[in-house]
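Following this message is one structure expressed as structure tokens.
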Amino acid sequence: MSEFLLSAAVFVLATVALGLFRVLRGPRDADRMLAAQLLGTGGVAALLLFGVATAQSGVTDLAVLLALLAAFASVAFVTGAARDSGDPNEPSRDEVRGAGDDAA
Amino acid sequence: MSLALDLFTLVAVSAGALFFLAGALGLLRFPDTLSRLHALTKADNLGLGLVVLGLLPQVSSPLGWIGLIAVWLLALLSGATVGQLLAEAVRPPDWSRQATRSPEEGPPRD
Amino acid sequence: MTSALVVDGLLALLVLGLALRVTFARTDYGSAVGFMGYGLLLALVWVRLAAVDVALTEAAVGTGLTGFLLLGAAARLAPGESFDAPGAPGFGSRILVGLLCGVVAAGLGAVVLSLPDPAPTLAPLVAENLPPTEVANPITGVLMAHRAVDTLLETVVLIPALIGIWSLASDSGWGGRPGSLPLLRSSGPLTLLAQVLPPFGILVGIHLVWVGADEPGGKFQGAAVLAAMWVLVLVAGLRRPPAVIGQRLRLLVVLGPLVFLGIGIAGIWLARAFLAYPEGWAKPLILTIEAALTLSLALVLGMILAGPPAVDRSDPKVGP
């Protein structure tokens, strides 16, 4: 059973690798934002699989932590990209926020 | 009894792994960011759920079950909300009013 | 070839590939995103090396918090500034640095592979001296009892770091609220996430601190989770960061290290040495120190992420 679980972990990690390759290559920042979500599900699945296979203690706590931080990382990616669109003609973050405050 | 449980684990984990494969294939083949996001959040979350379901018989303590289910519920919650958040970032609700950034330039064909 | 070997090999290849990808990324944002993914994968590597405590710290501090800071730094640079600026390192020096890193990595690998079997280790000594500390997790025992001085210094050093970040404020901004957190215009999903996730995150953080006595966990990891949840609430605009001139904030920030120091000094009278615990009092004292430290560390880490104080732009749609 643990051999099977470890092989499943290999399989899931391979799909994560495939996904990461595609996600990080994505020509725009919007594509790269998906990386946290990919690792938050795929990485956690692989972790649980080899954690239960080797019967290590504390792996579930780490999985909860990874899931929480993947959500936090996604928020950071989205707000980070909103600040840095890469377009030199777009107004800077401070000006955008100033405009938003006036309109609010 | 334990043979039935092991069989259940085998089936559930294999199904979960298959969904991860489907999600990865979607990521590779879908033409634009929003559909890739869709493939990622739906298929991978379902894959994680099936993997957790399959691992439940292998863990002996009830605290372990609670931990596994907590991971799944957390991933479900954050996946659903973060999916919406990412989609908003890709195509903001007021996108038609933004002159400099147009996500509707068309999907990059790579 | 067993599955365990394949898992480890695949993980190693994945981590190396991602590291190369991060090094050769074309935008700062891309490299920051790749770095955070790299950190999450590195946590998996630590689990394979049977170091779950390190994996927890790597995921929480190394990835979550440091990654957030990196993204903030990337956002402050003009697009391409770090690559095209006149002072940026040239191609030759990059190759040289790459070669040096390779040499160091190869040297470390050679040292690890040539260790005698069994490798020299202090683990049996630690295990022998663990029972008097009344904790079952050897890492917590070493951090909080055997080498408590190191932990004290580690926690105290965060306060000058915070002061250093605060000192980056402009003259007009000094004493105000940190203003460097990104704020999306009001976003439904973000508000929902910031309302529903933090209660759960707080439970997880406290659980990590409590369980760290006997299982993998501890105050740094718990504090990092609490700080991340707090920053999530701040980023969503549900609360504003506290003004750095606030007395309550400053009191809570120094509370943890003061409690640690106080117990350490009391140990001189009660147990004949600085930071020694009296017989039978080890676990309650360790838990007290960890509780106070978790609060202070969470505040410090959160304020570090929030950045230096800035001129207050009062935003009517954000609450007090």
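First chain written, first letter: the chains are A, B and C, and each begins at residue 1.
Note that a contact is a pair of C-beta atoms (placed from the backbone, for glycine too) under 8 Å apart; a residue touches a chain by one contact, two chains touch by 3 or more.
Please read all numbers here as calculations on a predicted model, not as lab measurements.
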Quick one: point me to the chain whose Cα centre is farthest from that of chain B.
C
If you tally contacting C-beta pairs, which comes out ahead, B-C or A-B? Let me know.
A-B
Between chain A and chain C, what's the gap in Å when you average each chain's C-alpha atoms?
18
Approximately how many whole Å separate the CA-defined centres of chain A and chain B?
11
Whole-angstrom distance, CA centroid of chain B to CA centroid of chain C, is 27
Multi-chain contacts only, two chains or more: what residues does chain A have there?
16, 33, 36, 61, 64, 68, 70-71, 75, 78, 81-82, 87
Touching two or more other chains - residues of chain C
190, 193, 197, 200
Residues of chain B whose C-beta touches two or more other chains
74, 78, 81-82, 85, 88
Tell me, which parts of chain A touch chain B in their complex?
1, 4-5, 8, 11-12, 15-16, 18-19, 22-23, 25-28, 30-31, 33-34, 36-38, 40-42, 44-45, 48-49, 52, 60-61, 63-64, 67-68, 70-71, 74-75, 78, 81-82, 85, 87, 89-90
Listed in rising order, chain C residues that touch chain A in their complex are 2-4, 6-7, 10-11, 13-14, 17-18, 21, 25, 27-30, 32-34, 36-37, 40-41, 43-44, 47-48, 50, 52-53, 55-56, 59-60, 63-64, 67-68, 71-72, 74-75, 78-79, 182-185, 190, 193, 197, 200-201, 204, 207-208, 211, 215-217, 221, 225, 228-229, 231-232, 235, 313, 315-317
List of chain B residues in touch with chain A within their complex
6, 9-10, 13-14, 16-17, 20-21, 23-24, 27-28, 33, 36-37, 40-41, 44-45, 47-48, 51-52, 55, 58-59, 64, 67-68, 70-71, 74-75, 78-79, 81-83, 85-86, 88-90, 100-101, 103, 108, 110
With touch defined as at the start, can you tell me which chain A residues reach chain C in the complex?
3, 6-7, 9-10, 13-14, 16-17, 20, 24, 29, 32-33, 35-36, 39, 43, 46-47, 50-51, 54, 56-59, 61-62, 64-66, 68-73, 75-84, 86-88, 93, 97-98, 100-101, 104
Please name which positions on chain B make contact with chain C in the complex.
74, 77-78, 81-82, 84-85, 88
